[in-house]
Amino acid sequence: MTSLGVALIGTGFMGKCHALAWNAVAATFPDVAAPRLVAVADVDIARAETIAASVGFARAEADWRAVIDDPAVDVVSITAPNQFHKEMALAALAAGKHVWCEKPMATALADAEAMEAAAQASGRVTLLGYNYIQNPAIALIRGILADGTIGALTHLRIEMDEDFMADPAAPFGWKSAASSGYGALDDFAVHPLSLLATLVGLPARVLGTVAKPYPTRPLAEGGERAVETADIASAFLEWEGGLSGLLAVNRTAWGRKGRIALQIFGAEGAILYDQERMNEVQLYEAKGPRDRRGFRTVLMGPEHPPYGAFVPAPGHQLGFNDLKVIEAHALLRRIAGETTLGVDFTAGLAIERTVHAIAASAEAGAWVTVGG
Amino acid sequence: MTSLGVALIGTGFMGKCHALAWNAVAATFPDVAAPRLVAVADVDIARAETIAASVGFARAEADWRAVIDDPAVDVVSITAPNQFHKEMALAALAAGKHVWCEKPMATALADAEAMEAAAQASGRVTLLGYNYIQNPAIALIRGILADGTIGALTHLRIEMDEDFMADPAAPFGWKSAASSGYGALDDFAVHPLSLLATLVGLPARVLGTVAKPYPTRPLAEGGERAVETADIASAFLEWEGGLSGLLAVNRTAWGRKGRIALQIFGAEGAILYDQERMNEVQLYEAKGPRDRRGFRTVLMGPEHPPYGAFVPAPGHQLGFNDLKVIEAHALLRRIAGETTLGVDFTAGLAIERTVHAIAASAEAGAWVTVGG
Amino acid sequence: MTSLGVALIGTGFMGKCHALAWNAVAATFPDVAAPRLVAVADVDIARAETIAASVGFARAEADWRAVIDDPAVDVVSITAPNQFHKEMALAALAAGKHVWCEKPMATALADAEAMEAAAQASGRVTLLGYNYIQNPAIALIRGILADGTIGALTHLRIEMDEDFMADPAAPFGWKSAASSGYGALDDFAVHPLSLLATLVGLPARVLGTVAKPYPTRPLAEGGERAVETADIASAFLEWEGGLSGLLAVNRTAWGRKGRIALQIFGAEGAILYDQERMNEVQLYEAKGPRDRRGFRTVLMGPEHPPYGAFVPAPGHQLGFNDLKVIEAHALLRRIAGETTLGVDFTAGLAIERTVHAIAASAEAGAWVTVGG
Amino acid sequence: MTSLGVALIGTGFMGKCHALAWNAVAATFPDVAAPRLVAVADVDIARAETIAASVGFARAEADWRAVIDDPAVDVVSITAPNQFHKEMALAALAAGKHVWCEKPMATALADAEAMEAAAQASGRVTLLGYNYIQNPAIALIRGILADGTIGALTHLRIEMDEDFMADPAAPFGWKSAASSGYGALDDFAVHPLSLLATLVGLPARVLGTVAKPYPTRPLAEGGERAVETADIASAFLEWEGGLSGLLAVNRTAWGRKGRIALQIFGAEGAILYDQERMNEVQLYEAKGPRDRRGFRTVLMGPEHPPYGAFVPAPGHQLGFNDLKVIEAHALLRRIAGETTLGVDFTAGLAIERTVHAIAASAEAGAWVTVGG
């Protein structure tokens, strides 16, 4: 595998996360060649320079177009604010680059559609930053589902809760403005939907509801402003074939920091998972002596690939950033023509369509067929 | 407080539970006089005789009317199958008895309405067997809500899951026949609704959905029969004033044995509870140093009345049957004119109306105003 | 089985607990005849009268000898302070009564030896109040050990921690005076030792250490008094055959309310248990696919006798008082000639000898052979 | 801060871990200059070359002396087998290099003493690979202890358990040979001792015991060989000032994968921690309303430095390898003259002396004064 040239756009939370992943991917996974770190771009050139210096990118740019046009660049990491994803991704694909774009894909469905079309047309590899699906624990759950251990699925529930919007005294910010989207639905629900897409596929019909726990928020300059986005969203889900489920997200859930709680029930068992204890999977099998049955807590270890690429000893724990390294590895292997777990622009568009269908159903107060 | 005469109708799971509670209530709570155990009635007279002998009821009867007509009886425990609740309760109230009736109140809304009207007309005390609300942990949660510790409520979720219908190979039983009601909704959801009624009141608007994970079940005599009830139900809930919530019940949830998981979020904190660990309440307060915040697991003890009536030492655990003893105590105090926690026929009717509204909304695929 | 006459001496924590158990035993377990509640004795006659009235004992006495001499009494519950156990037990046995005595057996080893000798000579049934061993969860652990599921035992640890002595500002009380015994060792360690006796037998060699976290405690009248008992004790344990283990007890452990944490390791698995979650047992089996192994939390249900005598539905939870009812049932069945789980005076003496050996080893700072 | 040249000796579990840390340290912590990755040495040159290529070290060497002699090297990571630590460290210090050496320091106490003396004489910075102490959770516990939140310490317990030696059918390996040391004591107990050294200091007096759960192990060539090391060790600990504690380690504990369970009790509260859930700390404060007290689970976040250097959002989890990056950062800051958390050769020698004192006390069956 030849070394690829990498450019990074954006230097925030996810910018640094991508930078760390690009830096670590070959050191962690010797089966891929170390990427060449070509350039970092950010309108805040000082931040770009800091990241470049500390991580080892060759240069920093204030203009993202400069890095996309660079022939030394093979792959572009897009971690700029969501409203720029479309423009950057289209430009990168047009320039023949592979694209690794943070979630959510775009702020409007039409944008996501344009991105997906461009990806299809380009023949380039795209990957969205749904790193939770890269957890060895999720791979284990996939394996359990695939081998029939818990039988045909009967029901599932998935919740995602954090508390970064829980304080009603926090001033009105851009996440409360309609320009940012629906609120928890696009900001948040795409994560659990990416897990569902990975594990059981996406639902065919949805019925949602949204709530604004704080109708107004204080303005920094005094007074209050009406909140335009919904911090809470819930949805009933139905799949072709009869599986039913529930999705619930809340970004005002005091005490929850990174909870993504999944419950999957089948005809012969059940699986539980919580992102706040991301190294554990709980499995119940409805077999064996009745007095010995229970949920079994499986702690991740080298038996759960690619855990062993990080630590050869079990129970020692992976962290959030490790998931991004696994994602970077998946991207490099995809570019090399292999099949890996991951959400490309086509799969990402399906997630976006589901989000928009939930929003439409909440508006209508009625079931909506996804993509219908 | 004078001693009351007690009759028990029914000798199944709840029959024995009432018997144990009548037997233990005064021994546990010295502030009430020990009831006189007058009679047990069951069409299976042998079972009635066994309970009478082992618990100390003075006599057994095959005909429930015989115990209702007995002037020595002041209170009647009704634990017979649900379809008999109405007839028995009306007869008992007509005979001037106080009534302690197991949940669900009745199998038809009209029956529940008739029972409520009779209770109102009678002036007698009625109590429904919603014993989960009698847990000292629930009283603690009420106290936390009442004193504003977690601020104005923003959202809640309540789940109730068991696995007694989870085995698809189990033969078709009466709970799968339409005559038993909606399924999980009346069999099950009344419990979480009783908790909501106790803690935050009942919702004003609902939107539900139901699912049949196993469309057919095997017949003992061979072949399959279509399942007529829904083992799974979910509902969005909205309260006057803006609180929103989620209700989810599932009686095919492998591995869940007696789960009632409650999450309550407020503007200043959150509360968690799970009936499978019924001696614990988790509380998060959004105050104090940020690096020391977290969910606090409060273990029940004598600080949480009436725990101390059972055990003077903390952390020693109450059990399910103890909740029924607390309920019996609440009933006796109500008869003595005091105010206690509990669901009488009027409050029970409100729960039934909520159940029926959820069923109607699921049928319509649209929001329904409760009692509207 | 004929009905037995019962007398209760003492009306404190354990007095009420015995009273509730005598009251509930036949109602819960129809295979035993309801005992006749003959008398309650307490030097505080008012308390005796209250218990008698509320629980249904026929009469109250200020003098415990009056109830022991009563020919209507077949069994005597001794729940008076520990220093009276010997005198009362000897008198009861001499009067031909069966004896149910609270733990610890006695405050001096010689007393325990005298009690055991008297029990042997009398031919009466004796039982000590080690109710934790009566938990269906402990019976499950016994079963797991017996059938070889976790293989030959390699190591164990048992901890017992509470916080009733944790506050250094609490005034000096009788538990800090040498007259009460060693401290945590006899007050406390007898419980974990009773569990070990039940599950794996008692150790052959011990080496202990004790600690006084608060050298003095305040006197109510002002000033401080030197603490004479040790609130903390730990011991290494060795069994014939090579099993090793650790015992650790602490009655100044803030936050612990009724913790008895047991870890048992074998050549093929492990078992975990904590009394603060007394309805759960965790089991690890070193077999099956390596990527699916983990500790399995088994929730007690009717598959775990005698849980079903209390509740026919799984996961509904037993409580502390239920364990005493099981113990009362075990006592009645023993009197009827059956074999049951339980610690009689002979087994209890072995526990006392272990306690005293640990104390002696702590004093010597060297290993001591128990009973040597 | 100027960039330092780094050499790595050894390419096993810890070799890769150091390599990843050297690779990530500056990318994660922009306050340090990125180290120059000069060379990797391993007798298995192919492995050295693989690591060099994947992580970006400039060259690979078969002879470790070649990298120590390289003037471009400022710091040497020693991750070769334990018996080589002394020779390598002495050579590196003699060559004027800073040394980052994996634990345990050495296989013989005299070797550790020689290493410490050499470090003192050299004026170079030394650091031992006790990465568990670098967890933000441990820093939080230090803070809690330092500000008096739980009052004066009364007692503590620390356990470390894994199951890599739990299978009795696994063939006899070098860890069972006397040449590897005592067994669990040096292989294992140094980790909990490093935590104690960091949090409360090391004990003054110890009394230990060791056990060999499997007296023999099978030989690959057939037959059995007597096990010479102890897989289990326990010790009583006493500190100057009266604090007492318990240390227990077991490398045959089925089901335990990376457990380091710490319980610290004080006069006003308690702290719990388990390495298997390394992002959580539990804190109990004996203040506030009694009915609201409980253990509070604090989830790590940016409030707990240096968590925020990895992820700006709370609850997203650090992993095991992140701790090594924090350790590398601590080393670089030490070299720059700052004070950081860490175990240097002087502190490491104190840990070794404690280990040897425990071994001596176990041999003698009597208390031993550490360093006495």
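Here the chain labels run A, B, C and D in written order, and each chain numbers its own residues starting at 1.
Here is the rule we go by: a residue touches a chain if its C-beta (ideal position, glycine included) is under 8 Å from a C-beta of that chain, and two chains touch if they have at least 3 such contacts.
Because the structure is predicted, anything quoted here is derived from the model rather than measured.
**Q** Please identify which chain has its centre, taken as the mean of its CA atoms, farthest from the centre of chain A.
**A** For chain A, the chain whose C-alpha mean is farthest off is C.
**Q** At the place where copies chain A and chain C touch, is the share of residue numbers found on both sides over half (same) or under half (different)?
**A** The interface of chain A with chain C is built from mostly shared positions.
**Q** Using mean CA coordinates as chain centres, what's the chain A-chain C distance in Å?
**A** From the centre of chain A to the centre of chain C is 53 Å.
**Q** Per the centroid of Cα atoms for each chain, what is the distance between chain B and chain C, given in Å?
**A** 34
**Q** Specify, in ascending order, the residues of chain C that touch 2 or more different other chains.
**A** 256, 293-295, 299
**Q** State the interface residues of chain D toward chain B in the complex, per the touch definition above.
**A** Listed in rising order, the residues of chain D that touch chain B are 140, 143-144, 149, 282-283, 290-299, 301, 303-304.
**Q** Along chain C, where are the residues that touch chain B in the complex?
**A** On the chain C side, the touching residues are 13, 17, 19-20, 23-24, 26-30, 34, 50, 53-56, 162, 164, 256-259, 276-279, 299, 301, 310-322.
**Q** Of all residues in chain C, which touch chain D in the complex?
**A** Spelled out, the residues of chain C in touch with chain D are 150-151, 154-155, 157, 159, 163, 166-168, 207, 209, 211, 213-215, 232, 234, 236, 242, 244, 246, 248, 250, 252-256, 263, 265-270, 284, 286, 293-295, 365-367.
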